[in-house]
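Look for chain A in each of the two complexes below; its partner is chain B in the first and chain C in the second.
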Partner chain A sequence: MSLSYRIGEVVESSSIQFTVQCYDLYKSPNIGTLVKCGDDPQLFGLVYDVSNKSMDPARRAVPRGRNENNEEGVYLSNPQLSRLLITEIKCVSVGYKSIEGIEQSPISLPPKIHSFVLECLDEELKEFSSSLDFLPTLLESAILTSNDEVISSFLLKSSKTHNDASQFLIYAGKELAFNLNGQLIRLNNLLKRISK
Partner chain B sequence: MSLDLTHTALQIDSMSENIKNSRQNHINRLSKALGKIRSFDIKFHESRIINSLGMFNWNIPDISAGSFDKFNAGDFPEDYYIIATDGSHIDVDRHIPVNCYLINIGSCVLKYGNNSFAELNSVPKLYAKHEELTVSDRDNPSKSISIHGAILSAKRMLEELNYLTKLVKEINNDIPILALMDGSLIMLDLIGQTHPEFVKKELAENGFARLLNEMFELSKEKQLLLASYISLPRSSEVVNSLRVSNCSFSEIHCDLNCSKIVPGNRICDEVSNEIIDREVFSEYLSPGERSGIFRINVDLVNNYYLGNRIYFFYLNTGEEIARVEIPEWIADREDLLELTHSLILNQCELGHGYPVSLMEAHEQAVITSSDRNHFVEMIEIAINQNGMKSYTSEKNLSKRLRWL
Partner chain C sequence: MNSDFKNNFLSKNEDVLGMVVSGSLTNGVEVKLNPDRSVSDIKIGRYVAIETQDLKFFGVVTDIELGATDQTLRVNPPEVSNPFIANVIKGTTAYGVIQVEPMLILSQEDFDSLSGPQPAKTIPPHFSQVSFASDLDVETVFGLESDTNFWLGNPLDMDSAKLCLNIEELIKRSNGVFGKSGTGKTFLTRLLLLGIIQRGAASQLVFDMQSEYGWKGFSEESKEVKGLKQIFPSKVAIFSLDEESSKRRGVNPDYVVRIGYEDIEPADISVLKQTLNLSDIAADAAYSLERYFGPSKWFKKFISLSGGEEFIDLARDLNVNQSALSSLKNRLSRFKRFNFMDELGGNDSVSQILSYLDRGMHVILEFGRYGSDLAAYMLVANLLTRRIYARYAISAEKALGDPTQQPTPLVITIEEAHKFLSSDIASQTIFGTIAREMRKHNVTLLVVDQRPSSIDEEIMSQLGTKITCLLDNEKDLDSVLTGISGNRKLRSVLSRLESKQQALIFGHSVPMPMVIKVRDYGTAISYADFQIEDVDVDFDFSEDNEDLFGKKDNS
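Let's turn to the complex of A and B:
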């Protein structure tokens, strides 16, 4: 049985989204990745933004590599950087696990600060994506920086966990068409992305 | 009401005009001081000092034959450690309901070369017990003085060195370690104040000097360097020592010869008045160069440092003139001195002008005004939770409420 990869911990949360500080600099899941956190209940989130930055918002990173031969040299000559720079991901809440199974709607209570955040296993992604009831909320979500990129990435990742990837993408395409009635150009672009 | 900036601006204009008018005099004195350094005659200086019979009133360092030599940085090994500590504190405040203070020690351990890494940390410690709030005379416990203000600053400096020593002990490696403190190796807070003898004995002799001894012992088993770094130093000890050779009197006796002359008009003022060391050394040293060493000659060190002598040199970091203070066991060994110079210079390059390890230790140590407010709130909550009534002064209350 494969184990989920623990990405980091929740450092900020609300009922619709949460921010995760990754344990390791530059080691984060891509946008569109399904993650889980908490135990009671377990929450699901979709990564919609990844950022690398200074841990202290008042301290900007400055160029340090003028005399270095390569980028690795910058980190070797400045070992403190690994402690002062962080990778952070933002996730939109897309559901939670209840006794009845997976519910694809935001939960009323946000995850606790310091909740461990793990990348979902293929089986979990397959189970979660067997229904796409959360798509309308995600398509209209105002918090996402690039909704369609997040959705198409999620659908492509999910398709690989299903026995018949094409069949899954056709199902996803139909759901998109239903929810993007009247937005032909946007629908067309999304369909192009997931048919790559 | 906020500060009346219109009135302040007029005063600033006037101040600026005065500085401009005295600028040429300042440049002339600086030029003469530089000339004195370039032609410095150590034998003449020493003979004049002997001749003065202790009647020279200025505090000057011991100068040796190589003090005004210039040195370039050398190579340094690929693998080494830099350890730095810095501290900040929340002083005793009579406006809060508990008599206590807090010292926060920030530290930075940087390992360079193979398997490089960094460890940044801060350790806050609250002092609230009676024995922690006072310094007592060991020979006469009825004599004690409360720790606050300058004594707390000295206590903090002691804790900075204490933590630095602890970090050095934790490194079990045969590669060079530079242990770096911010500021001076001299407990300046205990100088020039009317502190009782037992305070100096407790903090300087039983505290700081014993830690210096411990560091010296550690240097026998590790490749250890110890230094403190002063950015933008304001000292004028070296410049004041030029007064000795510039004195025109056959016998140097400041009180007898010059007590009636207005400062600025004395013969020795030609090479030193209102000039500070860093101004002279910024002209004297090229980027990367350091001066020779000078021995600090102050009563606190001579009487309370258990024989530990402290030296200093000036360093042109390329961005500023810094003063680096070192213990005698570094000053005595040319190889350790050169390595200290090279590593500190490299730290300044990595830190864009200021040692990166000290910068990070400071960042760990700093207590913001918001932290200070939270600290007071936490104390008030804790007091209330324990069924006691918290209080503050009416003055503090009026500042918080700001009635109309």
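Let's turn to the complex of A and C:
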């Protein structure tokens, strides 16, 4: 059985979203990736934003490569950068695991700070995406910067875990159609993304 | 809930169409189709069932629509050239809607008491599941094929379900078979006649205008099909008005009808007013002539008048316009050309017909070449029926004193019925009387017609069961559907029937209107279903063939 890749730890959380600082600079999952954190209960989040920045908000990164031949040279000449710069991801809470199974709704309590955050395995992604009850919340969520990109990315990733990817996407597409009543252009664009 | 009720009536998933989303008792209910259902899977007139918690409704699809959750879909259709998008949009943003008219309702109590479904006086609630009716649903509503129930056809798109007609209920009232030319009225009528014979529910007298019910008929494709006599030789008697024609067609009639001049009464002339293009004055002159010359003599004496002085004197004596009298004589003189008319007297065909009917037999009167002469058809049909009805009226009165004397019910079939039953003359013809009086003297009509709008409105409303093939004339549609609930919706069903082998049946003998595919007739299997009597029906036609084509040259 494959082991989940541990991405980082929760550094900030609320009942609807949490921020994760990755252990390694630039080693983050893409947006639309399903991640999990905590044990009791285990929470699921969907990556909706990835950012690389200075660890200290007061100290912004400055250009250092004027005399370097390539970008890699900047990091080799300044080894402290990998400590001063961080990669951070933001996740929206989409569900949790209870004794009855996966519940696709945000939990009332946010994850603890320093909870380990792991990328979900294919089997977990398949199990989670077998129902798309969280889609309406996600479609209307105000915190996401690009809801449709997150959703289409999640659906495409999920489809690969299902035996019949196209059937899954049709099912997902119909769910979107039901939930995007009166938003035909948005629906059309979203469907185009997941039909690629 | 009783488990049997549920088990018997729970629809299978593959039959589920959608759910009720809105509706009213007057307009029927609107059903949103499930995403996996295409509107093209469903035809107007299809029989459907609607399930609620403890009731089951039965209804008919009366309209089919395309719906959309987003009204911008019309102006900005999605990119359906992308098969994925088309697949997703179908059934979600763009979906199908059907209108269903709930007709009957079956409750647990009705199921337990075997009383069957009752007329729907309410509608199913929101989100009730709608599905195609099953064979069992058809049986529940229309009954199984039995001694009284005759299998007439199959509900639309339900080839394994038999729609049965209660023949005993059918013959309690006058009925109508309608449809424009070439839509299968004759086949349908033949089936009904066979059903009545097979179930032994009544005797029948058929005025067979085109000689297609008795011995054999032809399909639209000119394929020969058996007539009633070939299927029930011992129960059917063929009477002929034109023996030569019968023989040419290889039919050996049981009796050749002769009508005497003395049999004609003024009422017979009144019926022919339109057909003979007679004025009211001319037609009414027949009554004056009867008074003048005396009953049973007037016709013979009138048409033998030479004209001239004698004629002028008669007009003066009768106080009738001479030209009207002259036109009456000219028209009535046509009757001399009818070979079945006998100046010396008829052969009491009425008694012969009655003797057959009394034995429970069915009489088909073939008109041969006179079938194309409407005046001959109407004259004979009216004349015979009037007399037969008079005898039945006497028998019915006797039965009031002694119920064991009840005459066998009689069904009289007439074609081109609007000629007998138009508003102008319906009150004067015996057929109008029979249709209005319903079953008063155990006599009812089976009217066959292609222009129901020409039939008197009152008569149409008295018809118990109407079976109608395709009609496309607005007036005809209105006329046939007058007086039935939900007629506006049934109108669209009726006008969209296929032109062959499809009919809408509604009225007294069926619990709800239903579109049927009329049972096959004309194949060996179809004949077998009628349990053809094991009687040798092979006639020796050699003599007739010789008459027709000359002797074979054996040299």
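The rule we apply is simple: the second predicted complex is superposed on the first by the 196 of 196 C-alpha atoms of A that agree within 3 Å, B and C clash if a C-alpha of one lies under 4 Å from a C-alpha of the other, contacts with A are read in each partner's own complex, and residues count from 1 in each chain.
What we mean here is this: a contact is a pair of C-beta atoms (placed from the backbone, for glycine too) under 8 Å apart; a residue touches a chain by one contact, two chains touch by 3 or more.
What you are looking at is a predicted structure, and each value in this text was computed from that prediction instead of being measured.
After superposition onto chain A, the partners chain B and chain C occupy separate space and fit alongside each other. Of the two partner chains placed by superposition, A:I99 touches none, neither chain B nor chain C. By the touch criterion defined above, A:A142 reaches neither chain B nor chain C. Comparing chain B with chain C, more residues of chain A are touched by C. By the touch criterion defined above, A:S77 reaches chain B but does not reach chain C.
In the superposition on chain A, A:D56 makes contact with chain B only, not with chain C. Here the smallest spacing between CA atoms of chain B and those of chain C, following superposition, is 51 Å. Across the two superposed structures, the residue set of chain A contacted by chain B and also by chain C is empty.
By the touch criterion stated above, chain A contacts chain B in their complex at residues 56, 59, 62, 64, 75-84. Across the complex, chain C meets chain A through its residues 35, 69-70, 72-73, 76, 78-79, 82, 84-85, 87-89, 91-93.
Residues of chain A touching chain C in their complex: 166, 169-170, 173-174, 176-178, 181-185, 187-188, 191-192, 194-195. Across the complex, chain B meets chain A through its residues 108, 110-112, 116-120, 350, 352, 356-357, 360, 363.
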